[in-house]
Amino acid sequence: MKDPSSADLRAPLTGERTRERFLQTRRLSQDLVQGLNEADAAVQSMPDASPAKWHLAHTTWFFETFLLRDHVPDYRLYDNRWPFLFNSYYEAEGARLARPERGLLTRPTLAEVLAYRDHIDAAMLEALPALLERHGDLVELGIQHEQQHQELLLTDIKHLFSRNPLGPAYAAAPDASEQRAVPLRWIEGASGLVEIGAGLGADGDFAFDNELPRHPAWLAPHALANRPVTNAEWIEFIADQGYGTAALWLSDGWDWVRQESVAAPLYWRGGGRQWERFTLAGWREVDLEAPVTHVSFYEADAFATWAGARLPTEHEWEAAARNRDPRDGVQLDRAGCAEPRAEAEIDGFASLHGNVWEWTGSAYRPWPGYRPAAGAVGEYNGKFMSGQFVLRGGSCATPRGHLRASYRNFFHPHQRWQFTGLRLARSL
Amino acid sequence: MKDPSSADLRAPLTGERTRERFLQTRRLSQDLVQGLNEADAAVQSMPDASPAKWHLAHTTWFFETFLLRDHVPDYRLYDNRWPFLFNSYYEAEGARLARPERGLLTRPTLAEVLAYRDHIDAAMLEALPALLERHGDLVELGIQHEQQHQELLLTDIKHLFSRNPLGPAYAAAPDASEQRAVPLRWIEGASGLVEIGAGLGADGDFAFDNELPRHPAWLAPHALANRPVTNAEWIEFIADQGYGTAALWLSDGWDWVRQESVAAPLYWRGGGRQWERFTLAGWREVDLEAPVTHVSFYEADAFATWAGARLPTEHEWEAAARNRDPRDGVQLDRAGCAEPRAEAEIDGFASLHGNVWEWTGSAYRPWPGYRPAAGAVGEYNGKFMSGQFVLRGGSCATPRGHLRASYRNFFHPHQRWQFTGLRLARSL
Amino acid sequence: MKDPSSADLRAPLTGERTRERFLQTRRLSQDLVQGLNEADAAVQSMPDASPAKWHLAHTTWFFETFLLRDHVPDYRLYDNRWPFLFNSYYEAEGARLARPERGLLTRPTLAEVLAYRDHIDAAMLEALPALLERHGDLVELGIQHEQQHQELLLTDIKHLFSRNPLGPAYAAAPDASEQRAVPLRWIEGASGLVEIGAGLGADGDFAFDNELPRHPAWLAPHALANRPVTNAEWIEFIADQGYGTAALWLSDGWDWVRQESVAAPLYWRGGGRQWERFTLAGWREVDLEAPVTHVSFYEADAFATWAGARLPTEHEWEAAARNRDPRDGVQLDRAGCAEPRAEAEIDGFASLHGNVWEWTGSAYRPWPGYRPAAGAVGEYNGKFMSGQFVLRGGSCATPRGHLRASYRNFFHPHQRWQFTGLRLARSL
Amino acid sequence: MKDPSSADLRAPLTGERTRERFLQTRRLSQDLVQGLNEADAAVQSMPDASPAKWHLAHTTWFFETFLLRDHVPDYRLYDNRWPFLFNSYYEAEGARLARPERGLLTRPTLAEVLAYRDHIDAAMLEALPALLERHGDLVELGIQHEQQHQELLLTDIKHLFSRNPLGPAYAAAPDASEQRAVPLRWIEGASGLVEIGAGLGADGDFAFDNELPRHPAWLAPHALANRPVTNAEWIEFIADQGYGTAALWLSDGWDWVRQESVAAPLYWRGGGRQWERFTLAGWREVDLEAPVTHVSFYEADAFATWAGARLPTEHEWEAAARNRDPRDGVQLDRAGCAEPRAEAEIDGFASLHGNVWEWTGSAYRPWPGYRPAAGAVGEYNGKFMSGQFVLRGGSCATPRGHLRASYRNFFHPHQRWQFTGLRLARSL
């Protein structure tokens, strides 16, 4: 079989559709900060998180740098001092503000950053026809990049508000749902040789370099749970001393649990059967039917061991997700309180896409034949391929339209401020 | 001789004058945040510093707690959840937000905090006549306390803005001065038995508990410099490898210099004879004639050793300052860019009060017979009497009217974000 | 195909051969401490390392606990207090001395630990016939376990002596070798479906649980270098600013290089073309022909990127090593100065086994169908399956007879006090 | 009055007496390591402590460097590489082994260090007549220096053995004593002007530079307890929740207590009325009548506050100790188990000298007119004059003959592995 080259995957989109998606994406980012005051948008609650204002500016810097500066003749930077502020981690782009210091930028103000966005949007719209002829892949990358930051913006605000003893709400609570968690069922997956990676069929035209190349992989016989683990099940794990039983945990996980005194998912408080969780709508009772979220890889792995199961590999997950619509499920459609909730099955699986990112048992490493993209954007994915684990499927905070079956998200095994959950797997 | 009791010192002030000073003080705090946006007022740039908004709220909490709540019948708290947010370090007042988390309070907003201030001001003004009858000392303490936080608010904003690569200005630069540093001269101090501590003469009616009791101390023959060390002199110290010569430094200081790679005062950049410093008016050329500031005790001590001199003891300093007007010199009169500048001598000494806090060689410990005030306010000073050094004289950021000859400020020997400088002394 | 169960793999050995191997192994451990004084054997030079005396005692505790205590009727512990001292990380065995405190055990003395060894050896020899009937797999595990600690003992002593400014020698230097590094050549590997894991053919009867089960894996077309990277090549990497070029490094690796100021392999000193390395025979000139060693995964990965290549996966490595004699190459035959050196090719590859552990690009994770062994020894491997990378092939300090093609060693990506090196690979 | 110069204080001793004291001191150091094995003598149990072998070598290096090398013509160093190993903190003597790495020196061996001692002793004895003519003060300093290290050697060994779960004994337990603690009584001290510092009367000929110059100080009316605080009293403090009551503690102390989970003196285990303490003779029941020891300044200060008293100033202490025999009390006479015990009063005070070092409330700062000694030995005391508190009176581990009324010891306020205790004081 033939590995499609990345060039094939990044075929020019039609100009009109791209322009529309560009505008929609840029608009959603600004909608997301609608309810924030200047301080909400500026404060950084931990080194892993970034201020909302910084997300707005960084995504704009991305377009300015890799499209306007690099590919529009005579383009002049909006402000020569700003690339230092809004470059995230691109070594090829030179010195930059240290990540933990993003929260010191009370200036430029939110209004100034919004004016920057307007300026760049106008320049992009003017340049778009020419850019799409030769750099459509970079335009698309800029849009996808901004969508990723939309999810981060929400999880970062959630973290910030959770640290405020007043527990402020970012948005109104979603309507209550009648849906209950579907009963747990095991679904046998394809075994033997399967194709993994982006590039064929219904997955769409774009893929990050880390989803490539498409390649064969051999799967042993296995089954996946039909739905993610629920809050009710997690409370059983707690009640059964899951957090206090060394034998369930990876060694690093056990160290982490004890050092950080972890005894419940992030954002939970309470005990016994009475648990509250912090949401973007403030403190609310834990929804027993909903998928558990804000758990680390270590917790997910320990839970799976406790349940006599294991985490799926990313290959098993992808094989199950292929030929399904990645736009299904609880995903982000507009600014508001993103939060997982119970869903019905669609063709067997519930919540395969959306709701919660599912920790897999696969370390985040390159696929056979992987090659980072050329230039500074080659730093996008490849250099992070150590020390992290792959998550699959997207979450309630992922902008709908952003996902693919081959989409690989990755975080460190102790991190849990993203909407992270798990789906069980078993070897057969 | 008789040690005046603290009751004597805290004699009721006339109601009208206190009311006026209360209003003035409260107004100045709000003036100080005039040019700040919501984010400027909320961000905490290091654990030692607090957000401007927090200063506004904490000083208000102080009046609400120790006057209104404790001494006004039927007073109801403005918001039951806020004491947790705005108590600084009073163990007797119960659990509270950890100091390094003050910057997470993007809510309540600045407007909400200002409304809180209005509410408390109204309640205080109504209760003031009754309060002054029995608790005039606490009213005065509240005013003095807020004055201290005015200085901190300025130094904390300065620190925040200094960390922003854009170097924003808090206020316009002061007019240039024609005054040059007066030539260095040594002034012999009183030796033998002297009286130290608050309580007699022109120092005014109020004193903190750490300035008491008044007591005799024996001074050996010594002389003080007529003025603080200047920036020009500090540049000589740098040029002479002062920061690289172990023999000049205390052992802890030498460790600090190397660990933190210290090679100039805080807020300096440049080298050779070309130095800039960050001020509340942004980056500006170092004023060679002005007193050096933003140096640590370690640096001050090393400089003194290099100069063949030493730091004065706090007793020597106080003996020199007695019978002088503590309202003289560069001090804070209104919101703006506080910054030291060269001053002429007044009766021998230049800048004894105001301009820069002067590090003394005295560890901050209780004076013989010291007793902390009763109740929670007893935590105000006493519990900090280890690990710190005494500074004397006030600075350009100290509200005029706040100082006394016996006034004892104290910081850790490595700290330098306050307006700290030094005056040399010699044993004779 | 059939996955052989672990029972098949652990078939009873003939009693005589096992007894002999037990005695040989126990004797070698004691030979290794021959040249050490009481302090050499007691000091712990970093938390990752253990004192030689502790290795002697811990391997003995392993036999005492999992064989004598668990399976010999009426066995009484040698000293009830010692399991607390010499349990390494077995949670199921209860509380134990924290790892960084192993160096505090100046008592029991080396003589007392040797007496403990004699006691356990005598008890084991007496019990061996009965033990081999039902617990031959545990006896074998105890032997293999002790062999692993022999390698650690040598690398830990090397680390300790390297930290002594006097640079003491543990043993005499090996004779100089005439052998030069063979020219670099690429050898195409098997692609398509291959069998991975222990259990068939010439690999012998024993395998750790992490080498199981045997399973199919799909390999993409690739080639491996015929020999490990040499010191001469590493010096080119240094000369070409390899340590200063961000683009070559994984993000975590780049952080590590700068934080630790890494600029050469561990134990190197010098610069330009003049490099010395610390060996078990003290400081010696770097042997340009020998495989580079004491490099981290991060360094190995950066070197491979610099060389336009990559690290092999552990599957690629194992496919190449299958059907070769794992007893070939530079391995540990007796106490002395273990150190890599240039070797000739055997059937194409040089130094596939022995000389240096070869970092692979594979994260250390369980193989499909992996099940940890039952009981406390189930903690042997499985709980470490996060955050580490797989190394293959053994080193000059691995006791000959200990290795297999399927043997999986694992360390954290920053660690480099083991004899770690690399072999390049390429996708075809 | 006249400040005696340091020259006066360091008048030449008679040659014979010095020679004898030199030999005695050198011999005692070696006696102290009699019961230690090579590892006991080499391991460093924490950065504050040094290995016994290092103490033996460092004190020898002191004589070699400041007497033989500096003042004996044509002297050649015993080993050129050793000054790097055995210089403690003398910046003027150049680069040296980092303090926390002293425990890595398994070589040179104890026997080699003892041979070094023999060599230096012989050279010193030969040079002594000439040295005493011009450098008697340095010879004396070397002896005093070694006596200080004898005390440290004992406390460092105690710490090492305490960290061993086997709790080994360094020496046999002392005979039980019938003596009970004398009842607490307050003794009024001299007030008004007193003379402080070395140089007059019975204190002997030698003083460290930090005891100089002699100077007047003004004391307020006060009283001192006739004896140190006892273990029985400390248990009352514990029972009354002393360690859990914030109001008793300095702010830094309270942070320390909570961070380190301190709930009893160092080396205590047990609870209620059943406490054991670790001694140089192993774990033993707490002696209720003996002075409490191994408490930090923070604990001592909190205890004093709890008792309605305070710590004495160093001036108050010295005024009480003047004209008393500093050779009285429990001090070190020979190698063995040093441990405080109840003593009878002598002229009013019990245990003013010996038994436990008494924390004073005085920060360790220079006395008026202080000048460090010239040359490298000027680093002996002066550079440590920040961040520490003064202790007075010596302990059960101080070699008898080493103390003076003006003797100033100093440690950081959290340190407690020395034999530190306290005596209460009160203002009158």
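Labels for the chains are A, B, C and D, by order of writing; each one numbers its residues from 1.
The rule is simple: a residue touches a chain if its C-beta (ideal position, glycine included) is under 8 Å from a C-beta of that chain, and two chains touch if they have at least 3 such contacts.
By chain, UniProt protein names: A, B, C, D = Ergothioneine biosynthesis protein EgtB.
Note that the structure is a prediction, hence the values are computed from the model and not measured.
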Most distant chain from chain C by Cα centroid
B
Need the CA-centroid distance for the pair chain A / chain B, whole Å please.
47
Compute the distance, rounded to whole Å, between the mean C-alpha positions of chain B and chain D.
38
If you average the CA atoms of chain B and of chain C, how far apart do the two points sit, in angstrom?
60
Identify all positions of chain B at which a residue touches two or more other chains, and write them in rising order.
none
Going by the touch rule set out above, what shape does the chain contact graph take here: line, ring, star, complete or other?
ring
Go through the chains and record each pair that touches.
A-B, A-C, B-D, C-D
List of chain D residues in touch with chain B within their complex
89, 91-92, 193, 215-220, 222, 246-247, 249-254, 297-298, 301, 313, 361-363, 365-366, 368-369, 383-387, 389, 413, 427
Contact set on chain D toward chain C in their complex:
37-43, 45, 81, 84-85, 97, 101, 103-110, 160, 163-166, 168
